[in-house]
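Read from first to last, the chains carry the letters A, B and C; within each, the first residue is number 1.
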Amino acid sequence: MKKIYVKENRCLGCRLCEWECMFANSGLDAMFKLKGKQGEILPRIRVEDNPEDIHFAVNCRHCKQAICVKSCIAGALSKTDEGMVVINKDKCVGCFTCVLVCPYGAIMPAAGGKAAQKCMLCTDNDRGEPNCVKYCPNGAIVFEEREI
Amino acid sequence: MNMYIPPEYEVVRDNSRCIECRVCERQCANEVHKYDGDLKAMISDSTKCVNCHRCVCLCPTHALKIVKSEDTYRQNANWGAQTMNEVYRQANSGGVLLSSMGNPNDYPVYFNKILVNASQVTNPSIDPLREPMETQVFLGKKEVEIKRDISGRIVDTLSPQLSLKMPVMFSAMSYGSISYNAHEALARAAEELGIYYNTGEGGLHKDFYKYGKNTIVQVASGRFGVHAQYLEAAAAIEIKMGQGAKPGIGGHLPGMKISDDVSRTRMIPKGVDAISPAPHHDIYSIEDLRQLIYTLKEATDYKKPIIVKVAAVHNVAAIASGIARSGADIIAIDGFRGGSGATPTRIRDNVGIPIELALAQVDERLRQEGIRENVSIVVAGSIHSSADVVKAIALGADACYIGTAALLALGCHLCRSCHTGKCNWGIATQRPDLVKRLNPDIGYKRLVNLLTAWNHEIQEMMGGMGINSIEALRSNRLMLRGVGLNETELRILGIHHAGESM
Amino acid sequence: MKYVIIGNSVAATACIEGIRSVDKEGEITVISAENRAAYGRPLISYILLGRISEENADYRPKEFYEKNKVNVMLGRRAVKIDRGKKAVLLEGGGEVFYDKLLVSTGSRPFVPPMDGLDKVKDKFSFMTFDDMKNLGRALSKQKRVLVLGAGLIGLKCVEGIADKVKSVTVVDLAPRILSSVLDEGGSAIVQKFLEEKGVGFILGDSVSGFEENRARLKSGKEIPFDILVLAVGVRPEVSLVKDAGGEVNRGVAVNERMCTSLPDIYAAGDCAEGYDKSVRANRVLAILPNAAFQGRCAGINMAGGEDIFGGGTPLNSLGFFDLHIMTAGVYEGEFIEDISAQNYKKLFIKEGRLVGFIIIGDIKNVGIYTSLVREGTPLDKLDWRIMSKCPLLCAYPAKERDEKLNKGV
């Protein structure tokens, strides 16, 4: 399956990916309309910075043996036949056991705190391809099939 | 007391579009942008802005623009604002004004006053999509006479040549003045394009020895980073006598740009200013130059062409004549528009001559003296486009060097602040956080794109003229016509005015 | 091959998936005492809360049983395992023959003997969907609720009903709430938070008897109530295996393949004593992820595959209203704490490893800590200055980060 991978040595920590993620999942037709909506939409990708000027983005790794799927108390998390980990927000009760078990910090409470959210590779919006990858200004996030 | 100098440009933020994502803040090494917690809004300090457009390009909502400041001194056709500000700055600091990149002033660009011919009816044009169109060139001394052995076989006496898939190379930009990633992008692009890039006088980073067959190494007055393996690694060696942006003076790489890696590569102490003397202290004549040329040839077993690079100055034709007799294989001439990572402003803006005129004169002089085939000629100093390449070749060049155009492809927005070391595009800097911004995977591809496009355009223009090889275009000045040029300019360029037939 | 599964919750579902990952054809029968498809038991408080609809509460999609060719016997209780016949006997007659059997019977509520309890009209457990439905029907704005037990079940029930009733009082013998999950400091924070939401607590006390709608406490206090919720504790449901002669301690003894001491009989989930990495011993670890892992492991082994249950780790993710609590591992060794008005954080370090934590409030990236606990990562392998402040991947060395972010996982 094509997955998102990050190139730490290319990441600038600009956080455009976080904003492009929010935009892609906002349903808005123009990015500037995110103005004033801070907190109403949260990114499903997060950028880490460390003091040694290392930056990288993290989002769902779509683990083969996804511990979040196995730990979900509601069956809201599942794997598609292709191997993508998806969340059904109608089933999620916001217990955040997934947050407790994800070794990557790649699943997080959605805005409002009533359910979890995670990257679904922009298959759940109208983008068709991961928006963070498309708009990373430095090619630090890639979407590709890797034989590993 | 320091005089306040109003900013030349102002950052204008459309607050109705700004989503306070703070990308501008994170991306500005000059710290222009800042999120103000009290105002809950982004604020900008235009006095720090160098107008590099990094923030404008990365702002995801296009909320930013940079405009020329309307704040002006009283209108004066004689004392312009810039001139006045320079006086203030010098009165503030007592220092020599520093600038970067090429001469930006309003001098004529002769390439823009030259037009190219095309075939109509009587001499058919050639369609490069259907017919072979040769843009490959070989640089080096050509043999005029054919020698045979007693059995009649041709004796190979050809001097070493550089083979270029197209008549363009990346000009000398040192590691130190530009970043590791910029060098990697140039090296990889040169390899893919089948051309050459040039180390400048900063030595060759150990990681880039693998691109040696596409590398020209430079030996300059500071002799930084020059050693046997360095010479051996390269395809050709360039002796730098001068640079278009600063003819007659040496170079100065500030200590803050001498990082660990730069220090190792240049073989100089870390953090200490790197001074390249104005002259080579062992070269005071063509004979001295010849000694260095043959020293280098001797060191490399006569396998590599030697390039001598000079700035275009008033006597460039006579100087080139000397170089052509000195044993050099290639002469590189850098016009007064040529770029630099740091140069005294007065030198950059007032010294040297246009490359078009220098080239025409050098080619003419070498032909008159019958030594044109002793050397190839490479020209530099603001080759803006494929059209300039075509015109330069028709004026007598064998190939062109591009520097600024390559940097633009890598993201440079010509803010001309290279000397500050804070290049927001990751080009003219050694700060690791900034260097990172130039991803060589992307950069090299953009360089390849640029020159691939140019090569197509060169072929189109050649085809239009009914010419199917660069060889046939070289010094073919009948293909050129001047517009708006006076008699003297036309005579120096060796071309007719537009409208004049042969 | 005939597979039979007793119980129909998380371990059972995972077992089905485990079997089907190896054997696509074998006959699978599930015997469920309950009358509906599998659901995550912890969901029942969320259904009361209105966070999820009953229709959405199924643990797997509607087509799950059909797709996996599972014969589900709903509303049938298994009463005996006949090892000689290799059959499960059902309440009311009937038997189901097995080649491989999984016992995933979970646990049952434990109710200590209390005087007059049988006279209390509206009393409920809070374990099953039916318990929840029955309780839900009894609730109204006029009712006073008495909850016995300030543990996970009791307090999740409190969250679910708090805004539907007149008052809620919780009584527990322990001197603090959530005593099996939190330390004293953590308990105090959560108690204060719940008290601010209007929940009453009487701790260090217990009911000595009931007189219809009044509970008499050991301390002499009397509490009037309309509804009683019994959430004192649970016990693993082990009787089937025990009666069949299998080894049973607190839970059903199993090996690393989830096999009991009896041939062809496996156990998984809350009734089983699987390996717990945090204490390096087998014990009942009644948490949902554990049931999922054990069930799958059992299923694979039942179907002839090879899988080892590497061990569970205690984990709890709890939410009360908008307060989130996450814990893992054991609270032993040295600890570092970071306590502010909004957040409570305690990290327990033993032998250079993170062995447990309690985090209340800021739950960002907590799974990164959990993985340290689960994997027993030596802390000197990472930048603990960063990691101890905030769970971040950048605390790992570059090479490991690269493994995590750029390799298949």
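By definition in this document, a residue touches a chain if its C-beta (ideal position, glycine included) is under 8 Å from a C-beta of that chain, and two chains touch if they have at least 3 such contacts.
This one's a predicted model, so the numbers in the text were calculated from it and none came from an experiment.
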- Task: Enter the minimum step count from chain B to chain C; a value of 1 means the two chains touch.
- Result: 2
- Central subunit by CA centre of mass proxy: A
- Which whole number of Å gives the spacing of the CA centres of chain B and chain C? 70
- Item | Distance between the centres, which are taken as Cα means, of chain B and chain A, whole angstrom | 44
- When the C-alpha atoms of chain A and chain C are each averaged to a single point, how far apart are the two points in Å? 28
- Task: Please set out, as single numbers or ranges, the residues of chain A touching at least two other chains.
- Result: none
- Item | Complex contact set, residues of chain A against chain B | 9-16, 19-20, 23, 30-32, 34-35, 38, 53, 135, 137-140
- In the complex of these two chains, what residues of chain C are touching chain A? 14, 40-43, 46, 51-53, 56-60, 288-289, 292-293, 296, 315-319, 322, 324, 326, 328, 363-368, 370-371, 383, 386, 391-395, 398, 401-402, 404-409
- State the interface residues of chain B toward chain A in the complex, per the touch definition above. 16-23, 26-27, 57-58, 60-61, 63, 432-433, 436-437, 439, 441-442
- Message: Looking at the complex, which residues from chain A come into contact with chain C?
- Response: 5-8, 46, 48-51, 54, 56, 58, 61, 63-64, 67, 70-75, 90-105, 107-109, 113-114, 146, 148
